[in-house]
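One chain, chain A, links the two complexes that follow: it is found with chain B in the first and with chain C in the second.
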Partner chain A sequence: MPLLGRAALVVVLGLVAYAAVAGAYAAFTGKRRLIESARNALYAALAAAGVASLVLLVAMGTRDLGFVYVADHTSKELPLRYALSAFWSGQEGSLLLWLLILLGMSCAAIALNGRLTRRVLPWTVPILGGIATFFAVLLVFVANPFATQAAPADGAGLNPSLQNPYMLAHPPLLYLGYVGLTIPFAFAMAALASKRTDERWIIATRRWTLAAWTFLGIAILLGAKWAYEEVGWGGWYAWDPVENAALMPWIVATAYLHSVMVQEKKDMLRVWNVILVAGAFALSLFGTFLTRSGILSSIHSFTESSIGPWFLGFITLVLAASIALIIWRLPLLRSRTRLESLVSREAAFLYNNLFLVAFALTVLWGVLYPILSDAVRGVTVTVGAPYYDFFAIAFGLPIVLLMGLGPLVAWRRASLRALGRAVAWPAAVALLAGVLLLLAGAGSSPAGLVGYTFAAFVLAAIVLEFARGTRARKATGSETWLGAFSGLVGRNRRRYGGYVVHAAIVLLMLGAIGIGAFSTTTEGDLAPGERMEVGAYTLTYRGMTETRGPNAVERRARIAVERDGKDLGVIEPGKNSYLAEQQVSNEVAIRSDPLRAEDLFLIADQFSGDDVFLKAIVNPLVNLIWLAGLVFLAGAAVAMWPDAREARRLARRFAAEDPALARA
Partner chain B sequence: MIALSVAAVLAVFLVYTSFAGGSTPSVQPSELAGQSGTVQLGGMVVDDVTGDARGDGLRFSLKDRDGPGIVKVVYTGSVPDLFKPGREVMLKGKLDGDTFVAEPDSLVTKCPSKYAPDKGS
Partner chain C sequence: MEALALALGAALAVACVVLVALPFLREPGGDDSLPEPTPAERERLRLEEERDRALAALKELEFDHRTGKVSDEDYRAAVGQLRAEAAAALKALDAVADERKTPARLP
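Then we have the complex of A and B:
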């Protein structure tokens, strides 16, 4: 079996290398049959990578401890679903998963975009093949997932904190996001190489970019939820380099999703868009490098490994090649239109882009500074949460404000008076909300208060946009309100899906400010029968229990919860001692209040005798963060939903330039 | 226009980093001598952990990852699951006499085994 897996990987390497080299030669010379052959090599590589993955998956499922990788990441007592998820818990498996997803997405993107980007595709194939070659080389020569050994008595087991349902979904979604950003990158570079720098590559990859960005966003939130429940320090995002590694490409992709609309509408920002696509891809590689190379003294620093230099080399190569290609094609990328006014929709997009990219760069600087300082000055430093918090507020608040303003500003040029009229209602709502919150005592955090006011402004602006659009359609003949509404959204999916995503970001912000600025903590030592107050809650310690779970000894503190004199039942924070892994893990207890969106968060920090040292936190509005994830998903789905009308319009538009499309 | 905005953003950034500092020096026990302010101390926990992190303080010693330095540490606050002799940990705090006094709740363990098995122990 291991031999089969390894052989499959070698076959993958051969095929993708062929796709890269022969594909590039074919694209250069325009040899049609060779172009097709390179493309078919990618399809075959996908099948071979599937075989390799299946071999590893079966080995994980059957706990074949003869595989070093299986023995290192599973144990006989580990439940099956976690044994299977251990596939991506180590470096070798992660790289294999990356390669598999990359090939799957490549093949799908190539197969589905044959018509629109016929002239670009010959170059897309070798670029994707080249990227796949890098991962295949790593798997064959550096990080072999199929290494064998004499089977030990039992495996090392899976880190207890990873034995969590969120960890079943988080890593694959993260990879779908990271890898998904490869597709727009490959098409962008292929467009440059083939001199087809019009917006067709953007249209062809629009949904791919949206999908990758959605996966990445959901993955980040699932990771946050996991950290909130499993790591259990009472927060959800800690600006750890590994978290930032996923955040940076997401922010840059967000900027790109906005700026492409300017290119499609006004034919501006061509160079900028290509730079953003290359930047997002490079950051997704950099993210993998950060998590997998062990370069950072992060609390996550996974493992010291040999793949670091490879990744660094590959990122350098990607950046150098992208920059060279962009400079080489600069004459083709000159925009024919210029910004007409600083008060216009395109200007608002531009500001939004500047703030987003500035934020991504400050995060990048925070991640890199410790490494650079160590290398250049020989002084090791750490950059802490205050640095990131400062910039999240300094750049985040203007971005949120723009989220409300942007949709209200007209394209080309808007008069300040018209803008004032459009803004009047949302601004009034925001002021009212601000005053009410101030009276309710939210003034304890000025930044939080400003944030909530801005949030009210954006939400009001979004509601207004939906209301206006629906009313306009109703006036022009739709019979029912519901019909007018669905027609409005259906005809402008990206726009109204985008507004829903904006609403999700506002929800996220409400929750983040709630937990960041307005949470309360109480801690103390409790003997059985003793009580403790936190916020509006009264907690009574009823004693300790100890049970033997499937693979751990579970110790729990029974805490009776009351709020405003009302009995809310018993919850049980505690600690698990895992047997095979010989580790202790904190199991926090969370009681969510769906109406208030508030959490009571209990940590049994230390057991001594019958006493427990309890840390109790009340996190107001924190559940809006998770709700934001669902709304985000819904908005993204609306924006991505296939639109036959749009497809026909595009076909007509490009038919004139390309007769082959007319037949389609 | 773009140049101006970029300049403005850069200015905000520089103002922040020059005034607020934004970063804490990160040192090993042997490098602790010359530091006067608050630092991030990283090292390996040595045997003999005594005291109570929820009482008058958890007491232990930290030594360099690969060097001769060693320092006594006193710490209060929550103790991460992975804390034990032999592990690498990081704390924030100040040297007071011959003891490093850590800020409450600043202890984090650096787990080499987050995703990969810890072959050493």
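Then we have the complex of A and C:
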């Protein structure tokens, strides 16, 4: 069926090109039926892309090695779940997934905002169609997933490091995040092109932006968990360029989610917000370019390819068109209000934006510099962790401090005396935490100590905000404490959901500082029966085992673990030798202590006869990083949860022109 | 197999073309223009945004005052200005609504 897949892709290309060209003409000339026809073309393109994807999935599921893509990324012995995940482990498949998600999200956003995209922001459809055209062109002419060959005896298999449950979820979520940022971009640019720069594009895309940002955040964390368990160096984030590629749009989207509130409340930062939306989208394209172009030598970039120049050209086009449109519509974007005081909530948001964007640009420079140096001077340079760590601390600590201060400051202006009163309790808690940590020996890392003190400040501020809000609600009515609390959150979902997300960031920071500043490592050669000490643990090597797994030979070192004389059982780090792929992977063993939130992390670095070279690491508080993911998800869900009262209010406001907006 | 793939591909293409042509098939004639907002409509929308913003700010100020985030002194300094902004937006909206009604009353 490769012919059907190929035909479906050609049909997709025709449809999205039509949506772009006919849609642009219709938006320019004001032809209603033509814009509806262009919209239908996107719906049809989604169906055709679904057919193409189904053909590829069936070929992978049945290991049809006549497909070059299937033979290159699966093997007969590869378990079915990993064979299907090969959809996004190769370049052609992942581009098809990009296109499928893009069309799915585009159609959903257009359908949910039908009247808005048809009558008020008609440029939305051609912009989305234009972006889809780029990916369809790549799939039809440059990276065809339906190329065929005489079927070989077996496939090349899947990169062993990708044969991990986290890799089943990380790439699709990453793409949902990257692609999700297309929706606010398309609506923002459509608002500029349609000269409708009121709040509607923001309201219509609010949840899309939050969803994309949530997907991206969870994808980054799942990627970190994968790296922690699969790559096996003992850390969770290595500032790898491809990791950074996902982090940059997430940081810029974070800045946007804060600054857009200033626009909603104060009608300020209108230019800044469209710049952030365009920047986040361009960075999501840049992230895909980095992963897929083969320009980087990274464990994440699995392929050398010819799509790099195409992506660079498209990113340049997107940036140039966005900048031109923003400049063209500057008169419509002028704010009518100004910052009233440097001590106010909006000022705190502004400072947070400056630090976030500065951090994103610093990371961007760290990613770009080696590429530019290689391209321009022919000199290979590496920007390592110390560079990123320095800026993560320099920008991260003020951002964390602002996370605590911001919610305590009133909008418009606050007197220093009122601010002093508001921060007194959190500051006292932070000071006490700092002193206790110093006494406990945390002073070995000054940056870590400051980080933990700031974290205590933010957590205290969050608890105080919930407590004061609940008490104020309780004081005004006959509600129970629980009723007052749920009423408080229910009526201000974005604000209190945001505070929960802040708590998640604090948890992540506690874990990151724990593993970064306070971990302990011991390594050495062990013969059977020999012991090793690491932190409070005693490890005894009980010998080696070798078994045949479904598609690999699995060699393991049996390590008995004791802590304070108590037997904690046996864990087995080792290595897998994959048969079809002819590759060896590191299989670390991790023993988590949920009460201490710490991990004992073992790497069987090398086997020599019956001996093993063992690396043992104690990572304190590392499990708070993964817990942060769950808290982050909960906070984002609260913030995204539909608010019927607000929907009714907006419906009334836009009733004359756009009643469908209430559903956004 | 190839013939079946070709037939399915052709059926897919035909179905897509029908879907794309549907707006023209359903409504062959009639009004085909996208409505352009008048300056008055744009102004009304702007004023409604301003009104909602001022009312939301008032509500927020009241809440911040009750939670102790805003002192009595700061509250008194801010509340008057916010009420004036909300009243001005409401008044301007009334004026726009009156202007819209006026031509309808003309003979």
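Note that in this section the second predicted complex is superposed on the first by the 638 of 664 C-alpha atoms of A that agree within 3 Å, B and C clash if a C-alpha of one lies under 4 Å from a C-alpha of the other, contacts with A are read in each partner's own complex, and residues count from 1 in each chain.
Note that in this section contacts are C-beta pairs under 8 Å (C-beta built on N, C-alpha and C of every residue); 3 or more make two chains touch, one makes a residue touch a chain.
What you see is a predicted model; the values in this text were computed from it and never measured.
Student: Let me test your reading of the model: by the given contact rule, A:562 touches which partner, first (chain B), second (chain C), both or neither?
Tutor: Neither partner.
Student: Tell me the contact category for A:36 with respect to chain B and chain C: first, second, both or neither.
Tutor: After superposing on A, A:36 lies in contact with chain C but is clear of chain B.
Student: Looking at A:77 after the superposition, I want to know if it touches chain B, chain C, both of them or none. Which is it: first, second, both, neither?
Tutor: Touch status of A:77: no partner.
Student: Touch test for A:472: chain B only (first), chain C only (second), both, or neither?
Tutor: A:472 contacts chain C only, not chain B.
Student: In the superposed arrangement, which partner chain does A:90 touch: chain B (first), chain C (second), both, or neither?
Tutor: In the superposition, A:90 contacts chain B only.
Student: Just to be sure I read the superposition right, which of the two partners does A:643 touch: chain B = first, chain C = second, or both, or neither?
Tutor: Touch partners of A:643: none, neither chain B nor chain C.
Student: So in the complex, which bits of chain A are touching chain C?
Tutor: Within the complex, chain A touches chain C at residues 1-4, 7-8, 11, 15, 18, 27, 30-37, 40-41, 43-45, 47-48, 51, 118-119, 122, 196, 198-199, 264-267, 408-415, 417-418, 421-422, 468-469, 471-472, 475-476, 649, 653-654, 656-657.
Student: Please give the residue numbers of chain A that touch chain B in the complex, ascending.
Tutor: 72-73, 89-91, 156, 159, 162, 233, 297-304, 339, 342, 350-351, 354-355, 358, 362, 366, 369-370, 373, 379-384, 386-387, 390-391, 394-395, 525, 575, 583-586, 603, 605-606, 608, 613, 615
Student: With touch defined as at the start, can you tell me which chain B residues reach chain A in the complex?
Tutor: 1-2, 5-6, 9, 12-13, 16, 20, 22-27, 40, 42, 52-54, 78-79, 81-82, 90, 108-117
Student: Which residues, counting only chain C, touch chain A once they are in their complex?
Tutor: Chain C reaches chain A through residues 1-2, 5-6, 8-10, 12-13, 15-16, 19-24, 27, 31-37, 41-42, 44-46, 48-50, 52-53, 56-57, 60-61, 63-64, 66-71, 73-74, 78.
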